[in-house]
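Two complexes, one shared chain (chain A), two partners (chain B, chain C).
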Partner chain A sequence: MEATNLKRSRLTDLCSVIVAALLLIYPLVLSRFYSALMIEILTMGLFALSFNLMFGYAGMLSFGQATFYGIGAYTTALFLKYIAPSLALAMLSCMAVSFVAAVLIGSICVRFTKTYFIMLTVAFGEIFYYIGNSWVSLTGGDDGLVGIPISRIAIPGLPAIDLQDIRVYYYFTLLVVAIAAFVLRVIVASRFGYVLRAIRENRDRAEFLGLNIRRHLLLCYAIAGLFAGLAGALTVPFEGMVSLETLHFTKSADPIIMSVLGGTRFFLGPLVGAALFILTKDTIQNLAELWMLWMGIIFVAIVLFLPGGVVGFIASLGGFRHRTSENVEKNEGTKSSEYTGDQEPL
Partner chain B sequence: MNILETKNLYKSFGALTAVGDVTLKVEEGALVSVIGPNGAGKTTLFNLISGKYMPDKGAVFLRGENITGFPAHMLVKKGLGRSFQITNIFPELTVRTNVCVALSARLKKSFDCLHSLGASRDILKEADSIIESVGLSEYRDYKGSALSHGDRKLLEFGLVLAIKPVVMLLDEPTCGMNQEETNNTVRLIKEITKERNITVILTEHDIDLVFSISDRIAVLDQGLLIAEGTPGEIRTNDLVKKAYLGADA
Partner chain C sequence: MILIQFLNGLSAAMLLFLLASGLTLIFGVLGVINFAHGSLYMLGAYFSYSLVLFFGNYWLSLLVAPVVVAIFAGLIELAFLRRLYLRAHEFQLLLLYSFVLILDDVVKALWGTELKLVPKPEALAGSVEILGRTFPAYTMLIIVLGPAVALVLWYILNRTRIGKQVVAASLDREAANALGMNVPFLFTAVFVFGAWLGGLGGAVAAPLRAASPGMGMEIMIMSFAVVIVGGLGNIWGALIGSLVIGEVLAFGTLIVPKMVVLLPFAFMILIFLWKPQGLLGKGGG
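Presenting the complex of A and B:
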């Protein structure tokens, strides 16, 4: 068993290296169009990862994650336009604003569970959509926020980085998303991450272990809001504007579909789901007009036949422990010296 | 000294009086069994003590402090632990992770976003010793859902032990077990709690067992406390006989 585990982990390592290498050489080989596509995948992937921190780990189904995605995008754009044309500062302030907004909204939402929680997240989403639509002087309303200056990033001693270049922007996005994903990975593997899983599994028991459920869920909600905001921020230099659509209800549905497609019980599931969603959308859009219809059919098929999502399916093929399968419930091979929590390979 | 005390606890659901005027005093270190026919109000009494329900009237005191209406997480901090009639564990997490989560809660490390569960050797050691004391070492790396019904009950007992309570409420800790499992489990509970000087209040359906292990027994019938005393006193109590065997006894 030890040997197979070792082989498996080597296989995973090898796969990670290959994926990293492909991501790095990708824009050099393929055309600008594909760089743009990959930027969209990475951005939406981060958005979906933030959603899944709540849904997959803490069991909170939010239908209003676009609120923070939109807040992030608008904050970044407004900062660049009216305060200072520094993308780094704009992104930092965007994360702070998204975090604070998520704390405020979350402190109301986490008081409720199930349908009530979901409906509240929808309601807040609608409120912010309404604000975005009607506060025209600030947000540009229906026309979106345009005329956002994107300056070069100047690091002393190095040539200035021109983010208007799509390939450069691809690397910038890759770096930001990689760091954000790493931070999220540390969080889900931490004690707090396991406390969230425990709350998801059994709220009553968790509470009778002395855990203040609301505070834990609120922190989770706020972290998710922060990273959704960061994902929103990444769209600004890329698109050169913020459209009202970033706050729309359908934008909140995207990370849900992506997470379920990829597999909510796997850390990388939402990222893989984002890639599948956007690539499928892109392919079908070229072939058929009613792409949403086909997307819907694919989504239903995945829910029915691959309940663990695509990553769950691959993991079960590869002999990895599949969290929902019944015949492999034991976590073997974790020596006490290496114990970090339950084994979750992906 | 009375570690736990209820004063005139009263709770009704519509026209039904689930618990009516129950005053109960529990001495430190004692093992007290609450018995009574189905629907006597045992679980409701537990839910009132553990803050799951708010009593209509009356109060609960833990070490002299009025804890009525405290939220569950506060009660745990005051030293009250409980298990549930329907087993409550974290089924998708392994036995060890279950216990580590409980320890993280007690050690106020539940907001730690940086360190993994295994980062502290002391926590791991304590988790393993708890798992060993409830006899689940063999299943340490199994998911909760893979355990047998009886083992899940033991794991839940382990979770309650992990939060180091001074008073433990165990609602039917042997529910659904066969005779042998029931005997073993109850003896294990008694042994561990005596060793750690934990006061135990439990409900149990096996009357013979209740009489053999309890320091004191409280008998509920239709929401009322009809008798309270040592097993010897309860055995000879006429009201108890009547409640259990009907009016003819």
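Presenting the complex of A and C:
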């Protein structure tokens, strides 16, 4: 990582500053509609980032992340409705509940690999979907959970913050997502993050090194669950309700599509993928009704021709490849033989 | 009452078996879970709807619709899936999933979003009497069809040359290749045949459960549970698994009607913890 940081060019720094500035002034310039769109991008982006900690770094493809996204959303909403109308406390408890749920479910899932792991995550996803569907007194069932109070955040000495103002909520989301992304970035750059990569590249060799594979994967699963829950929590004040859709199988597929679209081997790839996904969806929906058809076709093209995702493609064009941390690994000769996603000359 | 419920479970089981046998066959040979299987099932139902309108004959549509689905699946395998066999299995799965998105919308564009109910064939529109109870004749057809398909599968896999090659390829793909079998052809053949079974499931289900966009998702995920319970890649496991899940669903309705759809998945997870290779599986997680 040090090498990466040192090599980072002024151009990249400049880009980061410009992007940060744009994100800050964005809602002031454009209409409220675009603030709402951006909130969706940031929330789903966090969801995709958390998913990619498992898929991109540890090589675990979960088709059931909606479980934790939904648990996060429902916990936040129920906390606000029945326990205390404090968003901060609700989000903290939501993260705790998502984490514990992910530890419990993960302790079963991480014992298995490949198809068996995928099938188990699907099964747990279905179980929670049907619980959400049939436990009507708690979740509202098919109608969703409504009547969630969103109170102002009052900090002494400052004007009260009204989260129901979409622009204010945009800044709130930006702050939360930025902090979460920073934490995830620290995690992937840590020793733990490199152990995950080692497991992804060669599970047997990692085990021969004396690493406890299951414990590392379980922690990874739990962290991903926690941040998926946080992403779910962020939708609650924005939507004003929790719909059953948050637990649905297709919600589990969204972060997968976003991550692959953006590029699973780049930390911010899933966030870029989320932006592309939501902007494409929005554009197509304005032109035609059948956006899933076009999204599917785009996704087929990405899977077939751009396995590195859009960010991977741009990086190969711009010659950024020598500065990405993934390529530092590559130069050290730890290239996997199993993952063939970026074996093509990007 | 118990008998009727048992027969209901049996018909659900046989419908599940049509999907699960295809899924498990494709997994056994290609090593990938066909995430588009539910969509092929859906296509089978819609094709049968249109063909009934076109021919005016249910039996002809039952014959033709699965074949059209199989041809379509063959094109997917040849044009797309084939390019991904050398890549990580995740990419094959993602490709197949994108066809779920595509086909859902294609169906909406071609047939609209309202339910399309295929009329039952006249010969089976009535009901039969079993031990003093009436039972829909069409449901009996499904109950008979399941074992018939199982017998045909048994015959193909054990008594024909291509069937034996398929078994060989599922046991050891590289050895089969080294022995001079045409493995790429086997892959296409198995995918097409699995899709035919899925399409047959859809065509059979169309008069019972109306064709609608997204109809394949729920039953496909249910068949995931079936193949896991029975043992991934094992045809007889798929049969046992569908019988177990079908009856769990039927009798679960009597005991815990609100939670019944949960049961197959809870059951699947229990099987995972007890016997990860499934009831009849060979390998395992």
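For the reader, a short list of remarks on this structure follows.
The rule we apply is simple: the second predicted complex is superposed on the first by the 313 of 346 C-alpha atoms of A that agree within 3 Å, B and C clash if a C-alpha of one lies under 4 Å from a C-alpha of the other, contacts with A are read in each partner's own complex, and residues count from 1 in each chain.
The rule we apply is simple: contacts are C-beta pairs under 8 Å (C-beta built on N, C-alpha and C of every residue); 3 or more make two chains touch, one makes a residue touch a chain.
Since the model is a prediction, treat every value here as computed from it, not as a measurement.
Of the two partner chains, neither chain B nor chain C is touched by A:283. When the two complexes are overlaid on their common chain A, residue A:292 makes contact with chain C while staying clear of chain B.
Using the contact criterion defined above for the overlaid structures, shared-chain residue A:16 touches neither chain B nor chain C, since it reaches no partner. By the touch criterion defined above, A:119 lies against chain C but remains apart from chain B after alignment on the C-alpha atoms of chain A.
Using the contact criterion defined above for the overlaid structures, shared-chain residue A:108 touches chain C, although it does not reach chain B.
When both complexes are overlaid on chain A, the residue A:256 reaches chain C alone and has no touch with chain B. Within the superposed three-chain model, A:190 lies in touch with chain B and out of touch with chain C [touch as defined at top]. The contact surfaces that chain B and chain C form on chain A in the two complexes overlap at residues 338-341.
Note for the complex: chain A touches chain C at residues 55, 61, 108, 111-120, 122-124, 126-127, 130-131, 134, 249, 253, 256-257, 260, 289-293, 295-297, 299-300, 303-304, 307, 338-341. Interface residues of chain B facing chain A in the complex, by the touch rule stated above, are 50, 71-73, 76-77, 81-82, 84, 88-94, 96-98, 100-102, 104-106, 109-119, 124, 128, 141-143, 145-146, 156, 159-160, 162-163.
Of all residues in chain A, only 186-187, 189-195, 197-198, 201-202, 204-213, 215-216, 219, 323, 329-332, 334, 336, 338-342 touch chain B in the complex they form. Across the interface of their complex, chain A is touched by residues 27, 32-33, 80, 83-84, 86-91, 93-95, 97-102, 104-106, 108-109, 217, 221, 224-225, 228, 232, 258-259, 261-262, 265-266, 268-269, 272-273, 276, 284-285 of chain C.
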